[in-house]
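First the structure, which I've put down as structure tokens, then a few questions once you've had a look.
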Amino acid sequence: MLRVIRDLLKYDRRFRIAFIFLMAVAFMFILSFFSPYDPNEIFVVPMDAPPSPEYFFGTNSRGQDIFWWMTFAIRNSLLMGVITAVISRVIAIIVGLSAGYEGGWLDKFLMSINDSFIVLPLLPILILLGFLLRDIMNLFLLGVILGFFGWPYDARLIRSQVLSLRERLFTRTAVFSGTNSFSITMEEHLPFVLPIVFATTINNMLWAIGMEVTLSVLGLSDLTTPSIGTALFWANQHGALVAGVWWWIAAPTLVAIILFLGLYLFFTSINDYIDPRTRLRLVGG
Amino acid sequence: MSATDKLLDVQHVTVEFRIGGLVGGSLLVAVNDVSFSLDEDRPEIFTLAGESGSGKTTLSRLLLRDLEPTRGKVLFEGRDLATIRKRSEFKEFMKKVQPVFQNPFETFSPLRRVDAYLFDTALNFGMAPNHRAAAQVVEDALRNVGLSLEEVSKRYPHELSGGQTQRVSVARALISQPKLILADEPVSMVDASLRMEIVNLFRELRDEQKVSVIYITHDLATAYYISDRIGIMLRGFIVESGPVDDVLVRPFHPYTKLLKESVPEPAPKGRETWAKSITLGTTEVKEYGRVGCKFAGRCPQVMDICREVDPPDVQVERRMVKCYLYTEHAERLSPG
Amino acid sequence: MTLLHVENLCAYYQTELYGISRTVRAVDGVSFELFPNEIYGVAGESSCGKTTLIKVISGNVKPPLKVISGSVEFQFGSYGVDMLHISKEELRRNVRWKQISYVMQGSMSVLNPVRKIIKTFEDIVDTHDQITDKKKFLEQARDHVNRLGLPTEVLNCYPHQLSGGMRQRVAIALATVFEPSLIITDEPTTALDVVVQRGVLQMIKNIQAISRNTVLLVTHDMAVHANVADRVMIMYAGRIAEEAPTETIFNASLHPYTQHLIHSLPMIGERSDKAGLRGSPPNLANPPSGCRFHERCPFVMDICRTEIPEMVSVREQHRVACHLVKENTL
């Protein structure tokens, strides 16, 4: 693992940039545990102070230190992204693999559900759900909800991959080795599908974090929890731009850009590396 | 002879595919009224030879139960393959009938070690109770193909040559101690210097392991070298079948004659005859759709009747020929 | 008079990925000559370097393939071409199709799948824009196809409407439109059935006999060489093992590898035991020392493991690279 990171750092510029960005994100994530301020308390520092050595990202109109507040925001946004990704990956893998390999009525059944999810107008539904569940809404619940909506494209992708794998000769070899369909799926097909799973995991996280921002800006998430989205919501509420407190908007935007770029470059770089074809070329196949 | 004396009994099997759309599609008869059988107690190598589009691959899929015949029956040890429904029954069938595929580079997953397939086969078919005992079974199978577990253990397919991979493939097929191995073009993608080793392997299987082999190929030279009997396929029909020494040495059917003549001899002495010009077939679909003998369009000895009705199977000496040229040799009535 | 002179050619594939660099020595020190009016066969197993060799000869060198050393020089009549230093423009304008044409396995890459054959003919004419009167050219194209014994209707077909054998023959017809000095064919009949193979090879032979040009026939199938080629080169692991007229290769070969290739071929009507060769073709990223065949050679000697055998001329037109032969001739 360390060797892989070293190789990638040495030979892949995308990975180097991603590494720096993600280290910065990770650093802020960890710092949140050492924050001198509770993010829920207000008026603990002077209001509307511009960025300075003392207040790195400045302070906001609610008397909070934006830098320390953002450390919580990053932590919460990332955790929510991970919750969404994990839930939707599990669904996508199960649906994609079983529909692809078993085929027949199971495939038809699963894909009809899948396609229904694809054609659903997602944003209005999420707004409606956000409104209905506003009393119990928190970031965890939002992550779970997004997880249940975030799988269908990727399930289809995995299914199509498995469909072509099923026609490969080695699948027939496995069948005639007496291997049952569950093991064929896990041992023969999953290794080919994992790169897709990995690539889509990061995509999915980005999607979830972005969705949270959208919903938060609309005021439909748990506004008491710091997140990249709620940062923007509060800045908007206080008319930050009109008041000239541009750093209140700039800080979450900057953090979001670093997070998104970092994750994206990380994903493309790793994706190349774990591509089975690259693996084969590396070992000289 | 009762049906139970047969290891494999293919009875008047026909496979039809509908090609084209729902409306206006046409029917393609990939395998047409094919019958042959292998005896239970006398292991042999039976070759199905033919060119691309002759139906030999469809027939092999049929024998592996990948496909069901439109008409006719395939009996294995007296049991109709169409009646195999439960997974346990299919597993029992696979234990006795094993395939060896054409492309050694595709037979095993590039992301899995090849020995994993050998252990899977040993454990899944109950040839060994645990992994340790399976190692012995695997070792024995590999020895039969001239390899050892040490050579292939922990190796990925690309770390082995095509010849080695193909031998591993044969070893895998041997693990469940099958009665029949179906080898579909097993050497066509193996390098020349390694090819004969694989071909010889099938002879050894027959002589030492008492396994019957159905060898599917377009290569008449290796077919002659290893097989006992041969069936020549043309556009879904078996047009001539019998012992290789009869069929390939003195072919009767004009198509078999043409095929044999066209095989380039690996010696410069036959250059002149080989260079004699020949008529090539028109497109594939045209010959499939032809009424009567499928070879009539190219046959140098064609008669009027050949273009009208399918020729009957005629028994001449030890062989069967599907050709009107030989109808007077036997008192069989033409069908219809 | 020679058509092509290849001298000490080394062409390697060099790749680097995540710091692991690999050099595959696909063609390593190959020298040979082609003469006008002959069919020259190149035989060898997969990854023996024969495909790389024709890539270099036809001026198709792209990374990761790199020519390390050597020369490839053509002499088309009075027009000389240094293939390793020719400009792309000159290659396209004066050499491809006009002097050298290329027929490969499957041939689908030459025929545009969405255009009728006649349109592909036209495209080729256009890229070489040496014919102003298109109508007249199409007439000529029709004549050309006719002369090769193909029905003229094929010109109005799409490639997928033709059988594999017909497609291959059309590809050959296209390759010979400009009556090139050299036709390179790479496994032209490998995917075809024997009867069709015979037809296609007959066509190649006829064209050669009529236009008296040179055909470079690359195939692993020794039986094809026996029936078609005038001279044959046997390649093994990136080097030439033996080169001789076809008769000599089949009746008096001296290299143990050639002998094995020929004796292992089965024949109808003859059932003596044919043995395979032990071992496997070597990995060209890490080729064996000395003679590259020594690990598999039944007559291996100590010198074979350490020293690369030199190419020795045993008689007119017969060259062998084997220590065994060198010992006997000295």
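So that you can tell them apart, the chains are marked A, B and C in the order they are listed, and the count of residues begins at 1 in each.
We adopt the following convention: contacts are C-beta pairs under 8 Å (C-beta built on N, C-alpha and C of every residue); 3 or more make two chains touch, one makes a residue touch a chain.
Note that the coordinates shown come from a computational prediction; the quantities given were computed from them, not determined experimentally.
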item	value
Most distant chain from subunit B by Cα centroid	A
A-C compared against B-C, more contacting pairs	B-C
For subunit A paired with subunit C, centre-to-centre distance based on mean C-alpha positions, whole Å	53
Intercentroid distance (Cα basis), subunit C paired with subunit B, Å	32
Residues of subunit C whose C-beta touches two or more other chains	none
Multi-partner residues of subunit A (each touching 2 or more other chains)	284
Subunit B residues counted as touching two or more neighbouring chains	none
Touch list for subunit B against partner subunit A, complex	64, 87, 91, 94-95, 98-99, 101, 103, 106-112, 116-117, 120-121, 124-125, 156, 158-159, 169, 172-173, 176
Contact set on subunit A toward subunit C in their complex	7-8, 10-12, 273, 278, 281-282, 284
Residue numbers on subunit B that touch subunit C, as the complex places them	51-52, 160-164, 191-200, 218, 220-222, 224-225, 248-249, 258-260, 262-268, 270-271, 274-275, 277-278, 280-284
Subunit C residues touching subunit B - in the complex, by the definition given at the top	45-46, 161-166, 193-199, 201-202, 205, 220-224, 226-227, 246-247, 250-251, 257, 260-262, 264-269, 271, 273-277, 280-281, 296
Subunit B-touching residues of subunit A, taken from the complex the two chains share	168-170, 172-180, 183, 187-188, 191-192, 276, 279-280, 283-285
